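Presented sequentially are two complexes of chain A, the first with chain B as partner and the second with chain C.
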Partner chain A sequence: MTKERIPLRPIDTTPPLRNLDRICDMESGRLSGKVFWDDEIYQQELEKIFARCWLFVAHESQLPNAGDYLTTSMGEDEVLVVRQKDRSIRVMLNACPHRGNKVCFSEAGNARGFICNYHGWSFGADGGRLMGMHESKCYEESGFDKSQHGLRQARVDSYKGLVFATFSDEAPSLEEYLGPMTWYLDVVLDMDGEGSEFFGGCIRSTIECNWKVAAENFVGDILHGGWTHDSAARAMLGSAVANVSDMPESYSVNWNGHGYEFGTDVVGNAATLGEKNINKYLHTIRPRVAEHLGEFRSKLIGAISSATIFPNFSYLPGQNTVRIWQPRGPHKIELYTWTIVNKSAPEEIKDMWRKGCMMTFSPTGVFEMDDGENWEYCTKTSRGLVTRYQDLYVGLGMHTRIDDSELPGNVFRGQINECNSRAFYQRWKDLLEAPTWADVPDRNGRMR
Partner chain B sequence: MAACADGGGDVMAESNLMQGNERMAVLDERARKAEAFLLREARLLDDERWDDWLAILSPDIHYWMPGIENRRREDRLGTYSEKHMAYFDDRLRDIERRVARFRQPSAWAENPPTRNVHLISNIEVFEGECSGELLVYSCFMNLRSRGLDEQHQLVGRRVDVLRWEDGRLRLLRRKVLIPNAMLLCKNINTFL
Partner chain C sequence: MSIIWLCREEQLAPGEKLKVANAEVGDICVYNLDGVFYATTDLCTHATASLAEGDIEDNLITCPVHWGQFHIPSGKAVTFPCERHLRTYRVSVRDGEVYADVSAEAREAEKIECVQI
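For the complex of A and B:
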């Protein structure tokens, strides 16, 4: 009885931009502010990055029960993320296929389905098929086929609780997309074998900066930590941050534009929360982590570190903040912030993290206040035409690659190193230049 | 009454903040003192007189500004909840840390300074839950300007519990509610 669906209208593709070498040359570590400013570049990013890559949409713990939903966005596309009766999670456009109105206006909740406010087009929790509408008999009389209409569905996959989605049919699998970064993600998502959860809802704010400025900050810029955040460190720790370059063992690793810079100091990030019990907790569970993940990774659970999964999902181990930088034009982002905790952690420890995360990295966080200011002006100065073409130096740490490292991914010596930034921008450029996924070059093992 | 003796429970529970119309309005001298307290506080914040501002906070203060969530009316979680993330969920120690950052020469984002105006209005004063306490409702508008062209406005409601301590009013509890489910600026680098 069910007829085959009329194929979805393909997303128009535009020819890739030319001459990107001029403004993004990662061989020599040179970038220009034009990449943060131009609307033409931004439109290409929506098409060639945000409509193609795997994007973070939710943590499974946010949707414990069938019918639980939340709304978020993938690039600028608004989507619904819904837990199904069969426990799977579906991701679909939050836009009615009749006149395009939003079908869900709340940020989260539980529902059996979604009904558009405009003409009553209604969809079940799976969103896939139109159930009915206001004055449905008029549609029936005209031979309308409801089964041809539903909320456009995305591909969905997850890794240890993190749910990702993509609207690209040709994107590689999530496993391939994340590659060896999952080995490092485990440090936060699965440190004791009992998994993790988001705790305490979501805080949303806006920053007038380009999304890449924020994503790059987390992909591999600990250099700014000791300088930008001096005031916050003194307020929270009572003294300046130690020079990260004096730390005995630290690395930067990257893969396909994802990056993680980290020390092996166990609790350096966590200490900034100014809660002794959090440090104590991490030291207490560390032997269990060592059993589960090995001695090396047990040294990373709250260490000085940061990470970005390309393009716009970032987190800080230790502070346990997880965030997504939602692009809103070339000069603005919406920042969604969550707190991630071990499922097995005592309730009062989870609550300490909820508060500590906000106290450090949030719009009222003593650390983040100085970030927002920097990021806005890294973007805004590019309003100047001459400034826009000024060389920005991203060359720190050239030739620090460790070719024989036993660690997964592309491994570099030291966390004060711009190798991850270079890998991030190289991936950005490769995606913008590639007409299809098949044309995206594999740079792993080749970046300096 | 035990809760009164130690300055209230751990959180600013709704039960401690009964609707004003169920309570006795305070219309005497104490109301004028409460109003003067709030207006002076606004001036202290605008002038960055941190020591003077800290001095009007009770050592038992709970300063709470929950994040606002955009949920449907029938959702029992409501617009905000105690267990969710909050812009401020502070005890005195936390507030002092925030002030300590403002005072660092390396608080780069505060030099040149952010210029603040706190407008306070809609003040209503009621008898508090415990003797020696006042329940005070107010609205605020905070306008901040930085650099040449940056301007951010926050408007909201506050519910305060003021308590007489050593003959002076002090801020024991504050709940700050803004209407915004997404903050339309990069930070809140002031107190509200």
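For the complex of A and C:
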């Protein structure tokens, strides 16, 4: 019997910042650029958001075999994600519990374990238990108990292939955390009952912007599409982006800071890849999707839409890019992107999507370039002390909530609407102000 | 001659290994390499580890802790961080029973220039 490990020392909690209402007032739709610039706020985010929320770490398809691992981060905490012999997935700190050195430097691979370069502390792939170290005899002679040390584990759970982890013991279950958003996630994760997979590798790049600017763009900002991306759309489609507000039926939905804005046009996002066969594929499988998920959701499979799962996991149906905005200080993100496809799709269709993603949403992608510059300057202008306190308007779409909608979540009319952005920032503020998870207020049904 | 019984031949399929406790010389690891049996000390010469928990590949045993390797027939240390060779024991098989002479090295070990401790 191995003894229980000495528990991880609890994180020192710092008192919530005061006067957040002054810089984030979602009742009136007002924000201040200080939230993008301030280092004190950023440290609070690491503690009260990234160390507490469920964070995306991997898609199960990235780790098919026992011993398969990848490295990523949860906030700024570097972690290893490892497939176990019993098929479960474990997530553990990628830092040695001897002097703290990083134990694994590669992005992905298969390993029997992990050995620290510094003093040879060795950890099994099976949950990071300490196997031994260089000069082990000296440790043994001084009464060292190996079972008390090892790589620290996070809580892990998954939803239809997406693996999430949290370092919080008091966080709600993943099911509760995602809430009704799973109904919408199914549109990309479970179109035909055969599941999804990541296709190709992970592209990593940096953008000098605050992480919230990017996450908020995906949570509910299609407004920028027709303006920011006009030239890129002309290049990819040969014509301008249609006025999204002219489309007959579209919605914004949110829940606890997660958000999804979407049209019902089936292939609007997919069309921007400039690959007719992808649209044809979506039209071909749509009847099967209608059978599996119902007629309504079959209209969303490649529609003009975007989504963020709070705090920093985002995706675009149709373009099939999945990404995580890794915070790297208040003024920088590391962007990890993948291409997600239906497992059942033909190989050549999967490959078209992979290439399409690179043409549009990658460091050289036409849309990513457009967004990157905007986001960098949304962040950088706030280095100006006066600018930092300028009111930023987040009030579009007030009073558009549909109270009697049959759709899950908080439903609002129209996708050109900042209701999801308001819900995102409200959740952000609620978490920063809440000493514990139990103190986080329930805003569902109350947001404007 | 100091012959000890290790295991039954059929207990160990090719590619498998087994830890056998021995009060006199300490734990012994028995290996079956394509039908030929070998035995060495079970404790890695680098740090505390049971070689019986390691992996066999191409006549090499990889230590489960730091992944150093030894050549099983000769006990020769071949991969970092293993520097000291492994003590081997001469194995014989009679009537389906595997024995080791703990006072003799394996014949292959005699070819190694540097004699182990």
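Assume the second predicted complex is superposed on the first by the 444 of 448 C-alpha atoms of A that agree within 3 Å, B and C clash if a C-alpha of one lies under 4 Å from a C-alpha of the other, contacts with A are read in each partner's own complex, and residues count from 1 in each chain.
What we mean here is this: a residue touches a chain if its C-beta (ideal position, glycine included) is under 8 Å from a C-beta of that chain, and two chains touch if they have at least 3 such contacts.
Note that this is a predicted model, so its numbers are computed, not measured.
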Worksheet item: In the superposed arrangement, does A:112 touch chain B (first), chain C (second), both or neither?
Response: second
Discussion item. So in the superposed three-chain picture, is A:274 touching just chain B, just chain C, both, or none of them (first/second/both/neither)?
Written reply: first
Practice prompt. Applying the touch criterion given at the start, work out whether A:122 contacts chain B, chain C, both or neither, answering first, second, both or neither.
Written response: second
Worksheet item: Is chain A touched at more residues by chain B or by chain C?
Response: B
Worksheet item: In the superposed arrangement, does A:140 touch chain B (first), chain C (second), both or neither?
Response: second
Worksheet item: Is A:162 touching the first partner chain B, the second partner chain C, both, or neither of them?
Response: neither
Discussion item. With both complexes superposed on chain A, which partner does A:205 reach: first (chain B), second (chain C), both or neither?
Written reply: first
Item to complete: Tell me which partner A:376 touches in the superposition: chain B (first), chain C (second), both or neither.
Response: first
Worksheet item: Tell me, which parts of chain A touch chain C in their complex?
Response: 112-113, 115, 120, 122, 131-137, 140
Practice prompt. Show which residues of chain A lie in contact with chain B when the two form their complex.
Written response: 105-110, 200-208, 228, 230-232, 234-236, 274, 334, 337, 339, 351, 354-355, 357-359, 362-364, 366, 368-370, 372-374, 376
Discussion item. Applying the document's contact rule, which stretches of chain C touch chain A when the two form their complex?
Written reply: 46-49, 55, 64-67, 81
Worksheet, complete the sentence: The answer for chain B against chain A in the complex is residues 65, 67, 69-72, 75, 81, 83-89, 94, 97-98, 100-101, 104, 106-109, 181-189
